[in-house]
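Chain lettering (A, B, C, D, E and F) follows the sequence in which the chains are written, and residue indices restart at 1 in each chain.
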Amino acid sequence: MKIAIYPGTFDPVTNGHLDILDRAVKLFDKVIISVARNSTKNPIFTEDERIALLKAAAKKYKNVRVESFTGLLVEYARSKKATAIVRGLRVISDFEYEFQMALANRRLHEDVETVFLMPNEKYTYLSSSIVREVARLNGNVRDFVPPIVRRALKKKLRAGGSSTNA
Amino acid sequence: MKIAIYPGTFDPVTNGHLDILDRAVKLFDKVIISVARNSTKNPIFTEDERIALLKAAAKKYKNVRVESFTGLLVEYARSKKATAIVRGLRVISDFEYEFQMALANRRLHEDVETVFLMPNEKYTYLSSSIVREVARLNGNVRDFVPPIVRRALKKKLRAGGSSTNA
Amino acid sequence: MKIAIYPGTFDPVTNGHLDILDRAVKLFDKVIISVARNSTKNPIFTEDERIALLKAAAKKYKNVRVESFTGLLVEYARSKKATAIVRGLRVISDFEYEFQMALANRRLHEDVETVFLMPNEKYTYLSSSIVREVARLNGNVRDFVPPIVRRALKKKLRAGGSSTNA
Amino acid sequence: MKIAIYPGTFDPVTNGHLDILDRAVKLFDKVIISVARNSTKNPIFTEDERIALLKAAAKKYKNVRVESFTGLLVEYARSKKATAIVRGLRVISDFEYEFQMALANRRLHEDVETVFLMPNEKYTYLSSSIVREVARLNGNVRDFVPPIVRRALKKKLRAGGSSTNA
Amino acid sequence: MKIAIYPGTFDPVTNGHLDILDRAVKLFDKVIISVARNSTKNPIFTEDERIALLKAAAKKYKNVRVESFTGLLVEYARSKKATAIVRGLRVISDFEYEFQMALANRRLHEDVETVFLMPNEKYTYLSSSIVREVARLNGNVRDFVPPIVRRALKKKLRAGGSSTNA
Amino acid sequence: MKIAIYPGTFDPVTNGHLDILDRAVKLFDKVIISVARNSTKNPIFTEDERIALLKAAAKKYKNVRVESFTGLLVEYARSKKATAIVRGLRVISDFEYEFQMALANRRLHEDVETVFLMPNEKYTYLSSSIVREVARLNGNVRDFVPPIVRRALKKKLRAGGSSTNA
């Protein structure tokens, strides 16, 4: 059985993440989508909230599990007997950072392969930080995240703010 | 009448920004150069100071207005009946970030077009952060900003500092 | 006599830095490897510790000196009568930032040339921040830094932490 | 009156080109879409055919004219009293080549500005050469070009071929 | 059973290609490495020779098949009931071209996923065209290709040439 | 004595090449600028003409020699006892190709270092191919090449042509 880990911060999960997940579940027998604990300083959503949103968003997949992890990604992947780590590679993205992490991970444990998938080009611009920024400015995130995340963002950000997205 | 918004942080305005402005005023009937409020954590200049410096630096243009804005850029642009958002695209620049913001803005409101202009290649290296860094290290910013900004930087940074630009 | 400055934060020095140093000593009569003071907010190692580690790591070279500097890099280089500033250019790296700094430095003083060297491709992924991250997660940094740095990292990070590298 | 030139080879015109045209006509009072004569060695369509296809594809715009030109683009633009040259800037594209040509053109005549517009992200992958390749392999170009171009391609390539698109 | 196609020109197969193949065979139940027919104008090796070299180089894998194909890659992949198309993504590579082809292929048939794998960083510089160039200049290709390809190159190029690799 | 090779096609030498040469002569005791023989299919200038133009353009430097070479660049560099190969790295340039060749050369002979220098940013757009293109379209190449090259181009291209630079 081929198992893949799809790691990330998912603060919050976007339609772009779900597009990658949808591709990964066709390639692997089981996909573990896993929230990296403590990886960001001031997340909007707590770890538990992010896991809950991921579970809700991915509930239609039988071969997907949602978890969280701490420590080195490759060691976590190994402990799960994963064959692969899945990463989305947007045309606009931190491409070089992805490669740097993939190479460093490989140097640490050669036996877990990083597999890059491309989301639909309509998600080219989409990232969790864009979603957070638009939500903070009271913009409509309908095209960016599933409805459950949109409602959760609204609740969180009710207080509102007054920055800009220039 | 074709109106364009030229948004930014302008902390402070540089010769590179003014080069772009000079090109935009030939393309549009009116250009609104607009300071994004609350967009940076610890600006050197207050919003009012940045607006004052921009007004001084752009005073030779009859069809330029200086403003500030808050909230979503596209909604601000719409409220001004702008046809276009102008962005400088340096050969060295956060190119992908510019594209990401342009695409996200377009997704939010399809009717405002982002127009990219190239500054003179002699401003390839120039950004507000380079200016702040050189000024903090007591370097000469004469080639980087108009005289009025140079004097304002001197006044602000009189206390000096002792970091490096390696 | 051709003197080159190899400036950096070196928090900590990596095998990639030493690979560049090894190339630079063949090109120049003297290389001054110099720690940029106050250039990072929260370094792992103090300036004195970084200098000591560099001295230990570079002690086999007769024509290498370890120093620190503050203020504008080009003015420091000039004060040392340096012909060149050496920078490593990894395939994966902040390539554009390197160019921006090189151009800004040149604009400040035209007479110091920035020379870019390529480290061995096996260091493509390597940076001080990757080293710090892997060390913090209790990963093995044996392939990344010289033994003396590895021991120093261990001592520093004994307390450990619990973030991730996703 | 602000006139813009939209130059290209247009062998053949694609939906991506038409997307850029659609944006340009909102920004300028008049757009001259102009076929660069003799710019490719072995075009699929003759210059006259390309002009005819462009005229058919752009006939809904009152302020668009289709022409061809030879010689230096900037001199042609000047002879048309154009304020701007319009270029599409796809996320995936010969970005650096576009900049190089824009800078070289500007050096030749400072008074014509190059304006970069972004097509819809769904045309990220699209270029005339992809269209020609897919058409030659008997693939369906329905999503790539307007119907009239599709019919013209079919007629041209009836003989068929046997290469690949790996 | 998950089947993947690894398409290419393979003129000739390099150690970089074999590194990717080695990773692909761990991810998929069966890998079909397939020579794109007629995809280059003047190949060094005929299609049959390239297939023979691939077969020799990949003979240690039980789940690898060597074939050739013509026409649209996605239609070939479909006819083989492939789940995925495998492509190597070198840090130095025609990255954007790879993405463009992947997106165009996806637009033609949504059901075949392109999967990008990274070869070992020591193959960063390696491509079939580098191999051909070095071989033509009588350089030693020992580090670049398997022994059987090296011998085949020697035989082919015995006549030699006199160009350069500047 | 530190010797550097500055190799290229130089069809023809541009002001950008001369800018790099000017930097290299300050870094090395001797610079050999060397024309790669047979490296282009249809050069405008013959090898002898290119050497003659380089000699005229570089005659003010006492420590510069003009030569030509054939075969592997690293073997030529070795035969000249060169410490370094000098390459210009424009912000806009075939950056990845430069890296690929540098890495492949290094793999062939580890003892010759490739050193990258940046030309003045005003040559960002400049390449021999731009010069040839502008000259063919009867544009003024005064800002691009030294006077002697401009005269040589005029003589060569008297017949003229009628392509475009779109």
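Brief remarks on what is shown
To be clear about the criterion, contacts are C-beta pairs under 8 Å (C-beta built on N, C-alpha and C of every residue); 3 or more make two chains touch, one makes a residue touch a chain.
Note that the structure is predicted; figures quoted are calculated from it, not measured.
Each step here moves to a touching chain, and the least such steps from subunit D to subunit E number 1. The chains that touch both subunit B and subunit F are C, D. At the interface between subunit B and subunit C, two copies of one sequence, fewer than half of the residue numbers in use appear on both sides, so the contact is built from largely different positions.
When every chain is reduced to the mean of its CA atoms, the largest separation from subunit E belongs to B.
When the CA atoms of subunit A are superposed on subunit F, the rotation angle comes to 180 degrees, reported as a multiple of 5. For subunit C, the chain whose average C-alpha position is most distant is D. Centre-to-centre separation of subunit C and subunit E, using mean CA positions: 38 Å. Centre-to-centre, using mean CA coordinates, subunit B is 47 Å away from subunit E. The distance from the centre of subunit D to the centre of subunit F, each centre being the mean of the chain's C-alpha atoms, comes to 33 Å. Among all residues of subunit F, those that touch two or more other chains are 91-92, 99, 102-103, 121, 124-125.
Under the touch rule stated earlier, the contacting chain pairs are A-B, A-C, A-D, A-E, B-C, B-D, B-F, C-E, C-F, D-E, D-F, E-F.
Those residues of subunit A whose C-beta lies close enough to touch subunit B in the complex are 92-93, 124-127, 130, 134, 137-140, 143-144, 161-166. Listing the residues of subunit C that touch subunit E in their complex gives 91-92, 121-122, 124-125. Across the complex, subunit A meets subunit E through its residues 2, 23, 26-27, 83-84, 89, 91, 95, 99, 102-103, 106, 113-118, 121. Put simply, subunit F touches subunit E in their complex at residues 7-9, 34, 36-39, 69-73, 75, 96, 99-105, 107-108.
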